[in-house]
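This is the structure, below, for whatever I ask next.
Chain IDs A, B, C, D, E, F and G follow the sequence of writing; residue 1 opens each chain.
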Amino acid sequence: MVISTTSSDMIRARLTGKRMSLANTLIAAALLLTLLSSIVILITLLADTLAKAIPVFESRGMSFVTSSLAPQAERAGILQGIMGSLALMGFVVVIAFPLGVAAAVYLEEYAPDTRMTRLVNANIRNLAGVPSIVYGILGLFLFVKVINGTFGFAEQISGRNLVAGGLTLAVLVLPIMIITTAEALRAVPQALREASMGVGATKWETIRHHVLPVAMPAILTGSVLTVARAFGETAPLLLAGAALSQYFATDQGAGFFDLIGNQSYTALPLVIYNFARQPDTEFVQLTAASIVVLLVMLLSVNALAIIARDRFERAS
Amino acid sequence: MTSDEKEIDTMTIDHAVREDIDLRELPDRPVLFDVTDLSVYYGDFQAVADVTLGIREHEITALIGPSGCGKSTVLRCFDRMNDLIEGARVEGTITYHGIDLYGADVDPVEVRRRIGMVFQKPNPFPKTIFENVAFGPRIAGWKGNYDDLVEETLTKAALWDEVKDKLSEPALALSGGQQQRLCIARAIATSPDVVLMDEPCSALDPIATLRIEQLMMDLKQDYTIIIVTHNMQQAARVSDRTAFFSVDVTDEGQRTGRLIEFDRTEMIFTNPTQKDTEDYITGRFG
Amino acid sequence: MTSDEKEIDTMTIDHAVREDIDLRELPDRPVLFDVTDLSVYYGDFQAVADVTLGIREHEITALIGPSGCGKSTVLRCFDRMNDLIEGARVEGTITYHGIDLYGADVDPVEVRRRIGMVFQKPNPFPKTIFENVAFGPRIAGWKGNYDDLVEETLTKAALWDEVKDKLSEPALALSGGQQQRLCIARAIATSPDVVLMDEPCSALDPIATLRIEQLMMDLKQDYTIIIVTHNMQQAARVSDRTAFFSVDVTDEGQRTGRLIEFDRTEMIFTNPTQKDTEDYITGRFG
Amino acid sequence: MTMAPIDLRGDVARRTRERRVRWLFTAAAGVSVLISALIILALVEEAWQFLAKIDFAQFFENGWFPRRGRFQLLALVVHSLIVTSVAMAVAIPFGLGSAIYLSEYASPRLRRLLKPTLEVLAGVPSVVLGFFALQFITPNVVRGFFPGASSANFLAAGIGVGILIIPLVAAVSEDAMRAVPRSIREASYGLGAKRWHTALRVVLPAALSGVMAALILGVSRAIGETMVVALAAGLNGTMSFNPLDGGLTMTGAMANLAVGSDQVAGDVAAFQSLFFVGLVLFVITLALNVASERVVRRFRQRY
Amino acid sequence: GGGGSGTTGSGAAETSGGSGSISISGSSTVEPISARVAQAFDAANGTATTVEGPGTGDGFAKFCAGETDISDASRSIKDSEAEDCTAAGVEYVELHIATDGITVMTNPSNEAVSCLTFGDLYALTGPESEGFGTWSAADGLAAEVGGTGGFPDADLYVVGPGEESGTYDTYVELVIEALAEERGAETASRADYEASTNDNVIVQGVEQNPTSLAWVGFAFYEENRDKVRAIAIDDGESGCVDPTNDTIASFEYPLSRPLFIYVNTSDLSGQTQDFVDYYLSDEGIAFVSEAGYVQLPAAELEETRAAWEAAKG
Amino acid sequence: MVDQRSHFHSELAALEQTLLDVADRCERMVGLAVEALTTGDTDLCEEVFVADKAIDATYLDTHNRWLSMMARQQPMGGDLRLMSALLHVNVTLERMGDQCVNIANLARLSAGLPARDRIIEQIREMADLVRPMIRTAAEALVRRDADEARLLPAMDEPIDRINRLMYREVVDCAPDTRMLEWATHMMMAARALERIGDQSVDIGEQVAFLVTGEFQEFSEKGFVARASAD
Amino acid sequence: MVDQRSHFHSELAALEQTLLDVADRCERMVGLAVEALTTGDTDLCEEVFVADKAIDATYLDTHNRWLSMMARQQPMGGDLRLMSALLHVNVTLERMGDQCVNIANLARLSAGLPARDRIIEQIREMADLVRPMIRTAAEALVRRDADEARLLPAMDEPIDRINRLMYREVVDCAPDTRMLEWATHMMMAARALERIGDQSVDIGEQVAFLVTGEFQEFSEKGFVARASAD
């Protein structure tokens, strides 16, 4: 018998004398370093930007957030950018959210597993990977050229309006929204559906009473992250018509049709982009300050969504 | 109803010779499901072939057999749950109260309201205990006193005493065994006349398992129960009749489930007619 | 070796009066693990209290008991797998060949090389069959003929015939039962002297389960085996000695596992000394 | 039998409602197909006209100066590849390293702290990183090592893009690694493996398909990234292989065409080249996305 | 509606229009002027004016499509653009409102270069200069095209606005076009210069590179006088002229260019009329210098006002 | 402590109850058979035969129930010991019934033959001793009382003694061949009663095993062996 | 078809083998005991007592093994029937051993008493008839041969007949009281042999049950009942 012939001392010798593994420690340290540097980058970015922005906050407080665009650095504010961005997000939410959820529900819950469905699914995943600037082209083509051209509004309507931008961004986030939602739906255990169908619920009753409520927290946090991403998008709006402007007056009396019509709009990332190319060096600080505002808005929304998701995941 | 008079137990024909054996006879209850030449396909793959058997009212019928022999597949035919599976196709007939379950004008949703199902893993809705029980009747548009209904149902499911003070707590806070009893309560809340159970105890510990088995035996007063189980001992313990399935492997390696023997449970476990059954229950099978 | 001479089986003290009973005696093998007053905590929660038992060489020792009684917790103490769990803390002593397993200078990695582990769900690495078996020796820096090693190990695990022609196919292509045997092969490839198994059959169908049980009985020629199982029948079938654990619930609802009885398996299942054990095995426990 | 004859035909209103609901959802899913069709339509028509106008040989010579009728597509592709390579050189070690650390080394508490921070990094808009690349990375990092680098250069842009995709690579690979069941890790530890053995020889190979997919997605994202390169890589249309030079990438060229004074009414071919480059980009990223999907599907492990 | 249209009144003119909108698009160069004027005008009148600066060409495209009321331009309308306007029935008036100077500049430390002729510029930045890596490499070409040459043997680092900008167009038109046509070369700058959409990046490039050569709008130079040094330009007639307000206003500085606004007169609303009135008023025109450009001499301003009065009819 | 297998346990209790009933019937059968034997009332024999048929039927049914429960319920521990004991008890009771039939048959054979009062008295005495044994065995089972079961060997003692000494009475009958024939029948009947006593002890042994988990013969079983020890 | 429970099945086979060995020993014990009885060689009695001790030990051990296997292996179907049959066989063989002890005891009691050749012959004949029955029963078990088992009642017939008629021989001894005492001993021995025959039939019944799954008594068991049918 192997064991009884091995003396206890030999076994002790093998088991003990802990070998500190250098390789182990080194690898762990190196890996932690990579992770920390990613975070250091984020902090550097924030610090660098903040440093440049401080003069603005010192001299103007938050008033530049509440003022409108102006050609003069000392007067210029980003209110219109923020409002524009929020309005765009409104479009995104109103259009992409219901459409995305509905499409995902179809694909996850209804669609038979046919070639066609697989194709549609592949198509959506691919759309999610299409560079945003290509969506800009779509926006340019569709909302600026086709809608105007086709429907003959060219006379009254500049294509470069909020609707065009909003639709472009909505279309941009739609595939991501569908994927997020589909993932959330997939995470709902099949057992729950079977349970519901098993007591005689129809498909729609099952979805409405069980699947959607269970998936909703995940759908919502996913959507918030998606919308936040759209908030920071710049490139498609360059093509799809947000104003790169030093000044435009927002017409207080403008109605919905004015929005569709000639009302100009801009978005916060574009304001930043535009500030940065102004000759006045004070605009550089203003750019930094605007970036700080953008980051604070985005990162806090992101952080909230991420924390919410984390909570939700841990709860379930 | 003619199906009652019909001789359904084809597997017992060659038992006729030993009809004299004085086993405790089961009362001769009417046949509820009459399954004739049932075959189920998943796409091109024939999962189950030519199953013929009769499920009698107020009995517990167990389906046993090696993994992949099609127990779940057959079970899910009884409430048309297979409809939910892409590409699943059913041949042969299953009548229920004499009505062809797969008839053109039968609405599967309606079928499932009358035939409850309990699954392998306890799967309560992530709602309150109360709402779990009330859901089925609610969507069926039942008008009545829900408080009474829930109490009655939970009592039947041997759960009332344990949960009566926390009906509005989330069902997921219950233990596994309690959850499974809740699922049984949920299944019987719509007053089905059949409860199907697919390995209802395989996720439970032995104590919870015994409770569920007890419950099943209590429930057969009111319901007809069909249970799929991997656990021969369980089938032996709880069921009145047992259907033993096995797998035929063709030369091309296609594995098709077949009903080998269907008989009173004690016959299956003490003295099966088929060698395959004997080999399976004594562990000589591989 | 002193531990061999020591009386370890504290639970059998009050059996002394029936020492005359002519049960088939087990050979009196030396004690390999000597567990004394073992308590395990997860953070503040005491999962297991004051376990004292002795595991003998070349026996199969089964740990049984209701869910949550700490079977897995105790098992994982034997190869210090609990070290991997945040906040797990062990009190009392476990000696292995007389060496304190939790001694300051004991390297858990080395411990695990000598004490193999097989888990509930078959968990082969997503590599080839060959590489699964070769992994342990490889990382231990073993130099030798790997072909021979793999053949020998797989043969011991009763898998060689089934896989010899597909050693370089992915292990995940095997059936569940084959995967579990592969996991056993992997565990014994490093020539441990102990194999720990935590509910190794709970994910398998009855046929695969029986094969694994057979294998365990074959393996005890070469290894000492400790198995945790939910399945009393399984413990009854395969083990030489059985430790029955139960849960004490304090007034504050804290649930702590305790060793109730440790004895030869047939004693536990035919004639346990403790009422709790009797109640558990006869299903009178709740 | 005492039961009344039973009716299994079900409720007509209920079935009608089901049909309607289903139809609604189907229509919604149809929109995604419509979008793809429109994207292709938008790109193809003008791109086709562009192709009809120019000489094929132009793609390989003379730089990319669309307003001068010079369309060296090759330069854009080469520049895109340089930026992407730099980006991946940043993202692979940092992204993968972070992923391995998070999934294999970090304690749950640390992980709960670090992972969201990493994800927050993913929320930084590209326009911000563009300025960061231009105004911080170039002067402080690139010029620090290579004082002769152009004020707009591929290196800085690549680093910026790399930073942008670190969270993506990290998140997707970490997901893949965490999808490797705990039981497989335990198996490894159970055999006496050390942590790095387990991480690098068991978990990483097991998650390889997911990790590969993450990297391909990263490449796709890097190629498609616009604002960072538009801001930090400059406008030079002359082909250069030197990462310290600046120049137009495919996306940079498109952005530049988009913001120019002659965006709409300029040289017709120049305007149409925008669509053409868009199409090329679309096809490349499509291919990459399909590839990533294939990789995942082909090598997905069923544990 | 008509309102007071004082061309010289103090304070922004009041119009009766109340809310309404004027849309201005076009040159990004002119945008800072129009933006300031619009800002003041809106503030006084409660109107909503939009000023965008996508570029001169883009501005004309919209203008001639009737989408805008006023188009800013850093060059005169091209024939093709004029045809579009005509085709769409858009009539307009061109108003010269300010002057800009394209400033050629280098790093303050690059003392070897202080004045360049058009020939020198052609040799350093023209189409034929492609590939010149040092200043002195352009010596030969400079000699050919009548430049002074004699450049230092230092790295040549050319930075400038991208081809999409009006500033680039103007530079090519003023400095390169004539010589290029004469020599049968392409009417464009060398391709291998470092281009940027962001003029601040150009300034930054010059600042960071001791032997750089760049051109930007005068306003950018003015903002960055401490970081860069302007190079005097010699068009061959006037001798070396430094860019200053005066030399630019008088077009003495060879790289001076007029800045215009084009006003749609076929669809002239009262508001637009009032806006232009205000633009050309003393108060309005003062924004030119605030925006960093050079005001017109009085005489020329009067010419512009006259042209406007005439157009109003 | 909730019984998680109440159905099984009630089934088990029912099985036990059946056997207790059988024991009761056996006891009464002993009375009937001995009555028939000692009074020559052969009508009573018929009753015994009928009762035995019933016991045989119950025996078979119980055996099948036992098998079925074994297969279906896989008892362990005390339940298993009870099952095993019940199987023994079932056989033993059936054999008791058979012994009663033997006595009844002997009664028929003996009818009309000259009898001898002393022997009849002894037979009666044996019957009076044996019937309480059956009752005691059944009670011990019901009460799970090993001590009560352990009384049985002592109760069996006098029966054995009477049985052992009876051959002397038989020999005394020798001169009258018909009476001798009758006497040998009586000896066989005594032997049957003695067996029933032994069988009661067997049941007692099963009870002791059931309760203690240890199986021990209460005493040497060979009736002659005990005789030699006497 | 691979046996997935070979350990259990070899354990089961071993159990069966033990009982077959016991049957073998019983058969030899019958020979020894009858030899002792008919030759008066009381030394042989000792051998019988020793053999019975061994059988008793085996009986207890087998019972415990049986219980342990029942608890541990939960046999079903044929295995369960075999287990149940083996439990019966175990008891039956132990009782056979006891009967041999009885005979041996009778041999000791009878030593020195006057004997009668006819009775001795009859006893020998019975022994010669009974020993093949034990062998047949064991063989039927080994071969799972119900037909062979069904031969046993017929083999039992002549034994019963001899037993039944023996009382006449006993009566013939009446005049000589010592011989009569001897004869009654012989009658008891004959009764013991007859019981061994019956027990062999019992084993045969268990074999038939094992093979067919149906339990049927081969015939009425009461020895006197059969007598009346005669």
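Going forward, a contact is a pair of C-beta atoms (placed from the backbone, for glycine too) under 8 Å apart; a residue touches a chain by one contact, two chains touch by 3 or more.
This is a predicted model, so every value here is computed, not measured.
Contacts with subunit A and subunit E are shared by D. Between subunit D and subunit G, the least number of touching-chain steps is 2. At the interface between subunit B and subunit C, over half of the residue numbers appear on both sides, which makes the contact a same-residue one. Counting C-beta pairs in contact, the pair that comes out ahead of the other among B-D and B-F is B-F. Chain geometry summary: the mean Cα position of subunit B and that of subunit G are 50 Å apart. We define each chain's centre as the mean of its Cα atoms; on that basis subunit D and subunit F are separated by 91 Å. Contact of a single residue of subunit D with at least two other chains is seen at positions 14, 194, 230-231, 259. Annotation for subunit C: residues 21, 110-111, 114, 207, 210-211, 232-233, 236, 269-270, 283, 285-286 touch two or more other chains. Each of the following residues of subunit G touches two or more other chains: 4-5, 8, 60, 64, 67, 70-71, 74, 76-77, 80-81. Which chains touch which is summed up as A-B, A-C, A-D, A-E, B-C, B-D, B-F, B-G, C-D, C-F, C-G, D-E, F-G.
The touching residues of subunit C, when paired with subunit F in their complex, are 18, 21, 232-233, 236, 269-272, 277-279, 281-286. Those residues of subunit B whose C-beta lies close enough to touch subunit A in the complex are 79, 81, 84, 86-87, 109-110, 112-114, 116-119, 121, 123-126, 135-136, 139-140, 183, 186-187, 189-190. Those residues of subunit C whose C-beta lies close enough to touch subunit G in the complex are 21-24, 207, 210-211, 213-214, 217, 233, 236-237, 265-266, 269-270. Within the complex, the subunit G residues that touch subunit B are 1-5, 8-9, 74-81, 213-214.
Remark: subunit A residues 1-4, 8, 11-12, 14-19 touch subunit C in the complex.
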